């Protein structure tokens, strides 16, 4: 935590944690312990839980539209939550809500905001000055462009080439921030740098900053839409720089609603979708029949992906080429 | 409360109210006191607050994207909240959330559900049996069709005519419910009525019930969208049967976020919108110029409504006819 | 069509169909042919396509954020659309839109409206008078309550019992409508029935009508959300009375965006989701290993459902009981 | 147009414009003429209409849930549209839809995307390479930070100071793009620059680009939400760089739905909201009574703003200081 936040911020958070209140609302002890704490992500980012509404039993309570608590039995709750997750009954999960404070690079924020079913309160760069904090990839993340997937990464850059890239990123970011301050004629604390001249409007000066600079926001979302976000962003196809946020949030999810978390990992994150054609192939395989790619109606790519997913022996894949 | 709920429900709620927890979350004492209590509406309906997230200072905290609380000064909070409300900065208000349990006639539910920016968990009539509870208007609400406004009410029915209407409504509802039970071959407790024959599926039998029967749901909404709902549904143009729900929720709003409530009443509920043409007329009137309806570009109806709103003297209205 | 609509409505639609315009917009001939036509559903319902935006190639065009058309090659379009569907890239599908006019029983409308990501313009029963049209199930749909699934149907009622139910439904609906007219003191054409007395407000009188009465609305939705709606409502678990609407709309989808339709049927409607645990079982089975239910971590019910889905031999299912 | 787009893009658009189809859908001639054309905004941006659904009469048709067209009389349509706009009946306006292709600086895109009730298909910088195009403010927009409004602009920078700022912006943008290409080891056409070394992944290299670089997207929105967007973004408080987009879109709105446009300008864009307290003051003024700020309950700032809005004489404002 010490490397992520400045002392005054840490103190503000400490003061917040000292206040305790009595409530009749659904309360989750393991979450209360980490409330307001920044979970570090990347080199300067974090995720903080600011508030939450509901717990596992609130899902059951809503599903039953009940007057009291959902049920008294953990087992019964678990069965119902599994059922709801398996059959994609989303509305009871919408009855829980979480509010986060997130610090993240602008290019990550631009991916994140595409999830529209959440509430966002953004740090205004028309109104405020951005911190001198920008994302520098760690060397093991400095990947080359994938040659097979136009949207992916391949091997990691080595030696001088890596050093050169990091050098460019650092120097351009530092220069951009220096020029930002110079145009503003103001530093982060609002101190005028040169009283003899006016500063450029904040809403204009910020346009010089590259998208690896950090911004921050309050982000509030219901549990159903949080899980949808996590299922897409914790996925291996997601860009590494947003995936690490999703992974931290998965840990938070586990503290908050452990029964729902288990169901989510089984039926969503770890689950796989079999297309109608794939299902036909799997049924045939289980009956000992051998189909080839051509007769399956699947594309070569899908055929390959299905075999990888099912960890099938090479000879089954070889059939593809003969087909 | 005693007339609204049966004893077992009251006991369930009492048990819920007995549990108390320690939390670090924003907590509102005046709301904790009434948490889970049913506020009666109409003859069998109610509104219950099941959970809430945030308070007035959480709005300030979000608006500032702060690490700690919003500010320490009530006055400063009030100034900022007024500013946000006046300039329709909606996102900070979205950072608070409330979850309700509502019992309401089906025809009211059909109006309510048109507000899409909320989470709903409905009482399933495919799965469960509806209570034998239907809405009977009180005699002072038994209004005739308005002759000037096709969507409104006029005077109240009197004497025999009122009695006749109430009689129709009661008899048809009772008969419909009797037939519902007969087709189900089951009562509300799931007791089979006639073991010698099967019952009709619940999802079919329910189609016999008129829309004045009560249903219920969990309804969760953020503060911004709650205020939007209330500004439309607490309005005099809203149907009485939904307006009474909105009015109870306005009282709840006042307990929850009193500063926001004041700003909402001043800038939204009690506010009025002047069209570009109306603004021109008001400016002219303030300069002592007299416009007539024809030269204002307004329709006679708008002209009349503007004068009513401004409580202008009859002679100004008379100008309309001469114009 | 003649049984669904009255002559004056048919004439209105005919007039609409006669107008033809020249446009540069994406245009789908097979859809133009049926534009405005009512597709009958249930006994008095229908679905009409009022307008549409985009076609298969508009999805490609949006996915590429292109200046011109998406691509020129049908094959390339098909490959991309399959890819987008398989990887749940939803935004390009949101770039097509369809506007429907639907007539449907109120209890179906109440399920339908739960899909919030659509635009709805409802027939106002505060303002207008409902037609004397109510849904009567055909005898083959008069099912008994399922004993295994609290939300489902079982066998069909026979003989006298069926006749009795239909009799109840018909008589209660007719009586309710007669009383509706009597309270309104007006018929569907607005003719006053008894000039010597006032009528009850429309917004009140309608409360006497049961939920099998037909209402209607304009419903506009983007292609992604339409497919989400169809995947839930064309599902065997959906209530029959809404499923028949979804089935008609699937036919319309096929006319509109045939490539997308094929991908949708393969990757969504006909697809199945394997949970993480199920995937482990399938991999083991394909390797010739035999797992039993207990060691799979799955519940007996899930275990059974997996075997049914995979059409596995009884002995594999028998393992469950030994486990 | 020639300065905005390269020749190949212009030709693609020309080809698109040459295709003409016959349709039965609602068609707007004045919009067909400009369909696909780029309307230039800022130095490299544009707005293009790609598709649209509906026209003024489609609003009426939806409001009436009609079988044929809305009405036959333009006057009647106009009266109803004015009524709907005045009473904020939003659902009929949601029945029209427009799809845009927009090229805009990243910092403008970040404001724009905050409007969540639209469909967006973004140009992926994980997948594609950004053009070498960045926004350079024209000298008359190079404003200093406002001293009274932390979110606004004041006077324009002059002479050397202006030149210095423009120099910084240009040099930093050019250097950033050179480094972007160098890290990618690829130019905009995908030509490898140095075959002896690998290129950095696109999703990483893009992080060096400042937020004044142009991106582009397809943006689809219904008419109600488009008007909401325009009422906020064509407002004088909006940042100049997004306001110019909104202004171009207002012109497009006028071509598309001229009756709605007039109503929108009168009841929304040119309209003003009077708070409950302001309304009390206006009524008093019209009765010849003089209130002062203190007794009005308004803050000094609101009091000043009300007087400016009503163009009241200075003495009325002077009262404020005495009050």
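We call the chains A, B, C and D, going by the order they appear; numbering starts again at 1 in every chain.
Following the convention adopted for this analysis, a contact is a pair of C-beta atoms (placed from the backbone, for glycine too) under 8 Å apart; a residue touches a chain by one contact, two chains touch by 3 or more.
For clarity, every value in this text was computed on a predicted model and none was experimentally measured.
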**OP:** Please find the path from chain B to chain D through touching chains that uses the fewest steps, and give that number.
**Re:** 1
**OP:** Count the residue numbers both chain B and chain C use at their shared interface, divide by all numbers used there, and answer same if that is over half, different if under half.
**Re:** same
**OP:** Count the C-beta pairs in contact for A-D and for A-C, then report the pair with the higher count.
**Re:** A-D
Subject >> Between chain B and chain A, distance of the C-alpha-averaged centres to the nearest whole Å >> reply: 36
**OP:** Mind checking the centre-to-centre distance between chain A and chain D? Centres are C-alpha means, answer in whole Å.
**Re:** 29
Subject >> Cα-centroid distance, chain A relative to chain C, in whole angstrom >> reply: 33
**OP:** Two or more other chains in contact with one residue: find those residues in chain C.
**Re:** 91, 114, 120, 122
Original post:
Any idea which chain D residues touch chain C in the complex?
Top reply: 5, 9, 12-13, 15-17, 19-27, 32, 35-36, 50-54, 58, 61-63, 65-69, 91-92, 94-95, 97, 99, 101, 119-123, 216-218, 220, 222
Original post:
Which of the residues in chain D end up touching chain A in this complex?
Top reply: 105-107, 109-110, 113-114, 116-117, 120, 122, 124-127, 135, 137, 141-146, 150-155, 157, 161, 165, 168-169, 172-173, 175-176, 179, 182-184, 186, 197-204, 206-212, 239
Subject >> Of all residues in chain D, those that touch chain B in their complex >> reply: 79, 82, 86-88, 91, 114, 232, 237, 265-267, 269-279, 282-283, 285-287, 299, 302, 309-312
